[in-house]
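Both complexes shown next keep chain A, but they swap its partner, so chain B is in the first and chain C is in the second.
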Partner chain A sequence: MKEDRLGKILTVGGAILTAVFCLAPIGVMVLTALAGRPDFLRPEVPLAWTVDHLRAVLTSEAIHFPEYLRNSLLVSAASAVVAVFLASLAAYALTRMSLPGRGALLLLILAVSMFPPVSLVGYLYRIMASIGWINTYPALILPYVAWTLPLSVWILVSYFTRIPRDLDRAGLIDGCSRLQILLKIIFPTAAPGIFATLLLAFIFAFNEFLFALMLTTDYSARTVPVGIALFQGLHGQTPWGEIMAAACLTILPVVLLALFFQRRIVQGLTRGAVKE
Partner chain B sequence: MKLVLDRVEKRFLTLRGTVEAVRDISLEIAEGEFFVLLGPSGCGKSTLLNLVAGLERPTSGEIRFGSRPVALPGEKIFLPPGARNVAMVFQSYALYPHLSVYDIIAFPLRIAGGKKGKIDDSVKETAALLKITDLLDRRPGELSGGQRQRVAMARALVRRPEIFLLDEPLSNLDVQLRTDTRAELKRLQRELGITTLYVTHDQTEAMTLGDRIALLNEGKIVQVGAPRELYDHPGTPFAATFIGSPPMNLLPARMREGNNGTEIETADAVLELSKSEMGKVKGGGPAEVLVGIRPEHLFLRDKPTGQTFSGLIVDIEPLGRENLVYADIGGKELRALIEEDRKVGERIHLGFDPERLHFFPVNEPC
Partner chain C sequence: MKKTSFHIDRETRAGIGFLAPLLLCLIGLILVPVAGTIATSVFRDVPYLPKTFIGAANYVSLLNDPAFWRSLMFTLLFVLVSVPLETVFGLGIALVLNQVFAGRGMLRAAVLIPWAVPAAVSGRIFELIYNYSYGAANRMLALLHMEPANWLGSASGAFLGVVAADAWKTTPFAAIILLAGLSAIPEDLYRQARVDRAGTFQRFFRITLPLLRPVLIVTLLFRTVDALRVFDILYVLTGGGPGGATTSLSLFGYRYFSAGDFGYASAATVILFGIAFLLSLVYLKLGGFSREIR
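Showing the complex of A and B:
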């Protein structure tokens, strides 16, 4: 069939185009990190490979990249765990209680998350400064929790509403308290959803820039995005090779997480889409 | 354990107004009795069951297990389900999807903090009782509907509850399995002797299972009695048509004194009942009545008499052993179960035993 083949060609072609479009910046990033010179695309310059940038980023005392990465991982993990735990309590109450204004409350939660961070960061700075938390982990974790909470609540509400109320009732009959129901029945049943939400909250915090820029002053709490952005201040010219090498190392945890848990994430996103 | 409901009411406040789900229900269910709550969908059966379980709080009234009040809003007494030692089987089965069958059955015992060895014994014993020993390692997702139903029963029975609650437990099974499970459930309940409250909208299930049945409609009790009582002496037109399949024929009629007794004028027939025959009929009195006769109590006559309905056959449903005949009697449709083969369009005469007639006041509220 001619049309079948045409359809196939278009589908595959479209997929390739999309993939190239999405992956090209990452490709450039990897090439720049490994190339001897940042202008490696110019034909008159011979292409040379090097791992100097990577080595510099990982070992140079002046760059502090390992510290930034450690800060990022710790802050993101802590805020994701706290946010998802709090969000799950809220989502459980929201889906199980007979609240008259449930819909309005959910919209309000969403509205809160629409605040542009830049409108808050000034006051946040003053608060953190006055309690002496500037350049500490809690100074970042607290705003990140607040910032990722609405999104987490929304995702978890959509998961929890899909869990039949009869499971809660069965739990009550079997002698569980509400907290036991949440921990022993709802959490395991919604595990893919909880996991997907954890991952999302983690990535949100991991990528955050503005709060981290304002609330940290040096490598003892500064996160990777800010660290990379401030690379240029260290030397006279923009050190593209080091910046890209650091960026490569930074996306590594997220890529690994996604690859490793791909099945669970997809399962989490599609669960309940069809009748089981 | 005896179960007593005393003037129990349950109202739900919703955005669209108040829903009176359960209205003024008083019942006494004896120790070891198999009691069925029967009624159409939305009549408040599940709500009543949830009130007994402790999943809902009554708006007013009292619920007692034996002599112990478990819900008495007036004195702020309310025991949560865990403190009542009730077990429940849900229509959806509500099996925990992440646990194995073994862990599901053990779940209530573990929550109660039992010893490991004892839990193991109880789980295995109950699994054997329900013939699911070979399923203990599986997850609910790997079980058929009938197997899930058994696991739900096992989880409920493993604690040896004082009161056993079932909310339409068989309605998700296919017909053959439903009939088999019904018989087994009845046997199991007898063996264990647990006071049982069983909710269904299926009158056949209610008739075959129940020691007694409470027929509900719109949150109220219509009639309580043994299955045979409800079938033989329905108290209202609602009870008359809800119990029995196919449902009882109900015809508006006028009664008047005739030459040889009472004449009942209905559809285009005039039925003549002698004095002695009228004596056996309960409730005859007002001029305007509803007269009821069950399809299985009508039979063929060769020719019209003073006690026949005559009309044309409009439809026939062969049921195997019998035929369900729809006859047009002066504009009213009459259902009759007869063994003879007849054809659509034929004229038939349907006789009856006057004792089988039921009379109801017209416009009586259900």
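Showing the complex of A and C:
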């Protein structure tokens, strides 16, 4: 059929365009990190490969990249674990216990995530400054927990509603407390959902920029997106090779997570947004 | 069974206990700061001067500030251009990913990569791509025998540049959500439409689009709220320039916060917050979500 062939051409063409669109900037990043000079795309420039940029980023005392990466990993992991634990408590209550105004509460939680971060970062800065927390991990972890909670609750509610309530009843009859039921029955049953939510919360915290920019002052707490954004050369020339090497190393953890747990992440993202 | 008495039963009390940490976090770390910002917006609040109540004076100054109007216009134009663009591209990618072909799993993984990259990092990558003398964008123009463009140095070039960079980072999100919506449409409908000799385009406009409407509205809502508060990519890629041409309201507010003018910055972000709130209401109304959540 003529139409089927048209469909096939559209699909293959679209697939190629999609792949180029998604991967070309990544290619530019990787090539620049490994190329001797950033202007290697010019035909008259000879191509030379080097790992000097990667080595400089990992070892240079002036760049502080390993510290930024460590800060990012620690802050994001702590935020994700706390947020998902608090969110699972809330999601349990919202799906299993008789609460007045449950729907309104869910909407309210969603509404909170619609606030533009800039409308609270100034005031948050003052709070953190008044208690001397600027440039510390808690100054980032607390807002990140709050910021990832609405999303986490929404995703977990959609997972928890699918778990049969008979499991809870059995637990109650055996004399478990509600908390024990959550920890011993719901957590193992909803493990894939909990894991997906952890991944998403981690990635959101890892990628956050404005709070980290405002609430940190140097490498003892600054996260890697801010480190890369503020990365300037010493001599006026932008050190593209080193910036792109740092970019490669930065996106490595999140990209690996995204590739390995593709299905989980997509499921988590869409569970929060699409009603099935 | 509904209880009619005022007495709160044990179950409800336990439920409130489970919700308490979440509510405390949201109130203490989001609602209190937002309320504080709203309160600050009616004060003159600058370093070395006593904090004084000045009523709506900050808002009046904002309305007389051409830089504020420019950043408001930029923000709205950015939403108006980038959200439809990303949604249409996202729908295109979702339609492709919904087909069966070799390598589909790999392509789905590839689509997740831009989504997972921090916007600050993608900002730096695009800054390099737009480099006048050796960036990939101008090298491509050179291959097509076209003049190099001054991407970040001109107002229109910078606008196109940030829209394209933002589209790279956020189109995958739209595609992923829309793909989930597409795969929820029953295959039988399409089969029946083929029997009835409905063409590709008819099937798309008569079946796919109407059934995708709720998911489309959710995608548009998320993307609109996100685009309204655009900050990271601008801070990194253009710094709001050239000459303030790409300063979003978030960036405008941030500049005044970091300069220490808390009253003025607060008033600007309250206006941004108001716009986000109104647009969310419009979408919620369009989508009829109040009915869906039981």
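Rule of thumb we're sticking to: the second predicted complex is superposed on the first by the 240 of 276 C-alpha atoms of A that agree within 3 Å, B and C clash if a C-alpha of one lies under 4 Å from a C-alpha of the other, contacts with A are read in each partner's own complex, and residues count from 1 in each chain.
In this section, a contact is a pair of C-beta atoms (placed from the backbone, for glycine too) under 8 Å apart; a residue touches a chain by one contact, two chains touch by 3 or more.
Owing to the predicted nature of the structure, the values given are computational and were not obtained by experimental measurement.
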For A:Ile185, is the partner it touches chain B (first), chain C (second), both, or none of the two (neither)? first
In the overlaid three-chain picture, which partner chain does A:Ala93 touch, first (chain B) or second (chain C), both, or neither? second
Answer with first, second, both or neither: which of chain B and chain C does A:Gly132 touch in the superposed model? neither
Does the superposition put A:Met244 against chain B (first), chain C (second), both, or neither? second
Using the superposition on chain A described above, determine whether A:Ala170 touches chain B (first), chain C (second), both, or neither. first
Look at A:Pro25 in the shared chain and tell me whether it touches chain B only, chain C only, both, or neither; answer first, second, both or neither. second
Comparing chain C with chain B, which touches more residues belonging to chain A? C
Interface residues of chain A shared by chain B and chain C, listed 100, 276
Can you name the residues of chain A that touch chain B in the complex? 100, 164, 166-167, 169-170, 172-177, 180, 185, 188-189, 191, 276
Residues on chain B engaged by chain A in the complex (per definition of touch): 15, 50, 53-55, 80-82, 86-88, 90-92, 94-99, 107-108, 111-112, 141, 155
So in the complex, which bits of chain A are touching chain C? 3, 6-7, 10-12, 14-15, 18-19, 21-26, 28-29, 32, 38-42, 86-87, 89-90, 92-94, 97-100, 103, 105-107, 109, 111-112, 114-127, 142-143, 145-147, 149-150, 153, 178, 203, 206-207, 209-210, 213-214, 224-226, 228-229, 231, 240, 243-244, 247, 250-251, 254-255, 257-259, 262, 265-266, 269-270, 273-276
In the complex, go through chain C and note every residue touching chain A. 9, 11-12, 14-16, 18-19, 21-22, 25-26, 28-34, 36-37, 40, 92-93, 95-97, 99, 101, 103-105, 107-126, 128-129, 131, 133-136, 139, 168, 171-173, 176-177, 179-181, 184, 199-200, 214-215, 218-219, 222, 225, 228-229, 231-232, 235-236, 249-250, 253-254, 257-258, 262, 265-266, 269-270, 272-273, 276-277, 280, 289-290, 292-294
